[in-house]
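In what follows, subunit A forms one complex with subunit B and a second complex with subunit C.
Entry: the complex of A and B
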């Protein structure tokens, strides 16, 4: 369903030529417009230098036997073919093998909960803030605060808050509200997954709220009023009007949210150190540990490349689902 | 207008590209152009040269303390020393990159367990010809000298700088209240366990505050292995075989040592919440009066009298006792001895000046003064003994250094330590009830078997 136009006077039969109405001179008609390419050229150069070339370098390293002893040779290190990949995926003798699948599963769980929590929470709060109420401006400004706190600080603060003996969260749960009888341990064991998911959601909410508020404000009030007159309750209006109109925005956040979560590194590393443990070890902490603490650069590069391909597959899947929302009507 | 925009955008791209490539270079202009001259004339110091010196955060005022220490050297020789403090969390990568790229400082501090790793990279000068100048290996305890070597080579790649060993810190007032005699409280591992049990039973609070018997950091601490390994050694185990060809961390003796620590957690003698913290966090718990017994290094001693160290509570500050590590079933006690060494980069164009700085830092008086500032021990024997005799607590550390032991000087040690750290962490987490599987003897064995497998795979990389 295409977004309804807000200015009925813009008609679909306006010509799509780029030339203005006045008669162009012969010179301008023969030269194609190259200005846009010039303008994006700097960004392209920087991207190639900073993203594309290193990615190719990593890809090359993933096919080499690149570890502590061959480090000096850099790209001259011995060729290893697909051995790094085979070893990570299939070699049960390789102690890194189990770490890899553990990290894959943890990253999948982490991404699922973080993205769902951020989108659902963001939408709920945006809906609440969308109505006119006193202090609306103040509330919206306060909601942005988690976003301006750097990830490093978020992780350090939450690490203190999650402390089982003196942390504020257990103090609230056990000492003040008596919701729980014993103090759960958050920084060890299975709860470590929640110890990183919750700050991630906290940090991602402001952006989601901002985007959704903007999206809600762009929706014409007449649609909702008309539906209400026809007898549609708030839930039906949410389901059949609000959500479909928000689809493009949900799509964009889903895309970036999943990619950002899959590459999450700062929060688990700062909270737990280089080894977050079997329940919170994400792909990036695994890769960084294998590459830099264990000096197994070839294996780390192979794991990175595999992660990149999974993300490319995700983008392809996403594109099929949301392609229509990207088209300009 | 269009042309101006286009030119402007290309200029921006060019400037950006230049900025990016310039940022990649280091502040020093040392390039791997000329081979360093052999240790010829040590008197040929070029006045006015600058020696770039990387140190780690030693003590509360690392930059100021170091600059104060080298000032006499600068005045004497006319060689400037540019001190840069590099954090422990990033130093491994920075030193490695500097060694391999040839762009870095002239001299760097390195952890004693890191020297073989750096030496294997090939970017550091072999100081064999120079160390006779400062007394050679006879000026140092054997365990300390070993940290300058690389297994399988004849070279000396570092000069020991300062030393630390771990010993048992305890609260004198807690032991008194529990009726325990400090002289017999920690003599062997069984006495240690008994002492902790008695503290748990008789002294749950002191001065109105809760206090736990014992605590150690978990896998968040970079030095977890240094905390656990002495118990492995005490029990007759070892981290690697004598020739460092395979891992022996899953031997029965090693398992017994690790299990001893895990059992302390299981029995509630080791406060579980300490596992959530890193080394500094647990140190602050002891200073804050929440732990009765803790294993730590000599650097804490100097903070007792520093009133600006607000982590101490008065009760703890006034009642610090230090005891040597306990003996194991075989009657021998071991502790981890570490510290830092100094290394010279091969790519440095100021080899003579760099060596002069190291020689200066190795002189007895400078050794003692700097070590005092940090509350570490000098690495050299003579000043080390001097510091050792200064008071009862220092005496305990001095005897700890003499029973000190360190790891095999192989290049892959850092990685193996990393693998062990993860597995020890899993075992302790499991004992705290937070592991993937419930704690059992079988659990300990399977984690240590996995640790041995990882270590063997890492050893096998060796060229």
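Entry: the complex of A and C
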């Protein structure tokens, strides 16, 4: 982050000697070009102040014994080595050990279903909306609306609809259509995972649809026509033309979808409160609860750091898989 | 059986009508929860608690009561001020930084671009506590109160949404032809005045789209506002949960509050829809 302070001078000398020869323009610039550094300065300052320094602070805290009793000492709190990490990762005597691993597996399940549901559903609906039909524009615009609804409204709305006795979802599934013989309990027990996955997919779909439609529109129509003339049916064209051409878009959405889902906090928190229970407790709800309700700051920071490194690993894996798509676009 | 044999043309038309119908069914399904949100907000609390509906006799009672049941106005005004100012600042910072990334091959451009994306990889929970400690430190040493103030939240949100805004602005600047700056510089502008007088005005749609995008994200934020405020600067996501509390189950008002909390973002979105969609898709297509 500190490179901009020293490096420009070095480069500037080079440009001043070469520039007059290269561009005899009307306005000769002999001064080194510091402009880009001034342009990025405000953004850089806020990012360093609110992202970089605090993130380093978080990393430091993860190695400290930082809790309710040592909070007054702030960064003077005693060092704790790797104890925070060991206690949540390996220490079976620690009651938070199982809570941590539970949150890890819940987050994996939540991320898997949310991202795959959003991408598969988004592609299917985008294909439908890509067809010419009367009212296509209206349909596309209406489809965007769920994305604009704030997460907390999504959470209170779905919590309202999921209610077992009086909620509209059970009324439809049980009373009106008789699809189910009993009333499922959505807001307690194992179903709580679906109670957060389904609204998350619902809210994520519009963006996926939007991006896929843009990708479909960019595909050359001749390619599909030529394949159709050669006798390729719709499914074969989807498999061998549409999907390969959409690969970069699928890649981008996978990358950010996984990160966004793994850091999900608002929907489970607003729906269930600070403790969503063992079946819907995600990494972020676990970390925030341990840090701020139980004042186990060091432990929370260690869990945050682990979460971040898992995401870094995911980015590395993603990069290996989608590197060649980045170069194409 | 022969009666339902169709010509290929008729068969194709039938399939097309079927797919049209399916599309509209999907649209209806996607909008159903929003319909239910609005429909429920027009019922009274007593009915909703029993699960009974009278859709033919809507009432605006919940929209009147919600301001009295809790201090909803405070949450709403806080959200409006914090999100507007933060989105404006983020757009301003991002417009200069995005321009630098789009136009100047300066040394450090690549690390800076990577750092901008990198910020998105840090979980909020990791820097939340240090930010809180930072607020306490500033209060002790400089005497500026940031905890539970709008200024504190604006600072945090500005930093938060600047990175996405930078990528947004960059793609808009990249779409502006370079001749424009060159022409301006021929006319005697310095690179900076060319940026301010010529490029920024022609990037106006991008500025609007970026502002709205940052605003949508800020409007949605819960984690930081939940930890960095306790009363004065609390925003809508904190307030809305109070309708379902120990002292009552005001579902009608909860849904009305949901509608009211959604209206500003819907207006902002549709005002900037065309440019916003272009920004999002351009960003995604370029990666």
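By our rule, the second predicted complex is superposed on the first by the 285 of 329 C-alpha atoms of A that agree within 3 Å, B and C clash if a C-alpha of one lies under 4 Å from a C-alpha of the other, contacts with A are read in each partner's own complex, and residues count from 1 in each chain.
The rule is simple: a contact is a pair of C-beta atoms (placed from the backbone, for glycine too) under 8 Å apart; a residue touches a chain by one contact, two chains touch by 3 or more.
Treat the numbers as computed from the prediction; the structure is a model and nothing was measured.
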item	value
Subunit B versus subunit C as contact partner of A:116, first or second or both or neither	neither
Greater subunit A contact set [subunit C / subunit B]	C
First (subunit B), second (subunit C), both or neither touched by A:278	first
First, second, both or neither for A:190, with subunit B first and subunit C second	first
First (subunit B), second (subunit C), both or neither touched by A:219	neither
Which of subunit B and subunit C A:35 touches, first, second, both or neither	both
First (subunit B), second (subunit C), both or neither touched by A:50	both
Contacts of A:294 with subunit B and subunit C, given as first, second, both or neither	first
Touching partner for A:125 - first (subunit B), second (subunit C), both, neither	second
Subunit B and subunit C contact sites that coincide on subunit A, given as residue numbers	35, 38-39, 42, 46, 49-50, 74, 163, 165, 292
Subunit C to subunit A touching residues, read off their complex	16, 19-20, 22-24, 26-27, 30-31, 33-34, 36-37, 40, 48-51, 92-94, 96-97, 99-101, 103-104, 106-109, 111-112, 115-116, 119-131, 133-134, 136-137, 155-156, 158-160, 162-163, 166, 185-186, 188, 190-192, 195, 216, 219-220, 222-223, 226-227, 236-237, 240-241, 244, 251, 254-255, 258, 261-262, 265-266, 269, 273, 277, 280-281, 284-287
Contacting residues of subunit A [partner subunit C, same complex]	1, 3-4, 7-8, 10-11, 25-27, 33, 35-40, 42-44, 46-47, 49-59, 61, 74-75, 125, 128-129, 131, 133-135, 139, 141-146, 148-153, 156-158, 160-161, 163, 165-168, 171, 202, 205-207, 210-211, 214-215, 218, 248-249, 251-253, 256, 259, 263, 265-266, 269-270, 283-284, 287-288, 291-292, 297, 300-301, 303-305, 307-308, 311-312, 315, 325-326, 329
Interface residues, subunit A side, partner subunit B - complex	34-35, 38-39, 41-42, 45-46, 49-50, 67-72, 74, 93-95, 162-165, 185, 187-191, 272-275, 277-279, 289, 292-296
Contact footprint of subunit A on subunit B as seen in their complex	2, 5-6, 9-10, 12-13, 16-17, 20, 92-93, 96, 100, 117, 120-122, 218-222, 271-273, 275-278, 411-412, 414-415, 418-419, 421-422, 425-426, 429, 432-436, 450, 453-454, 457-458, 461-463
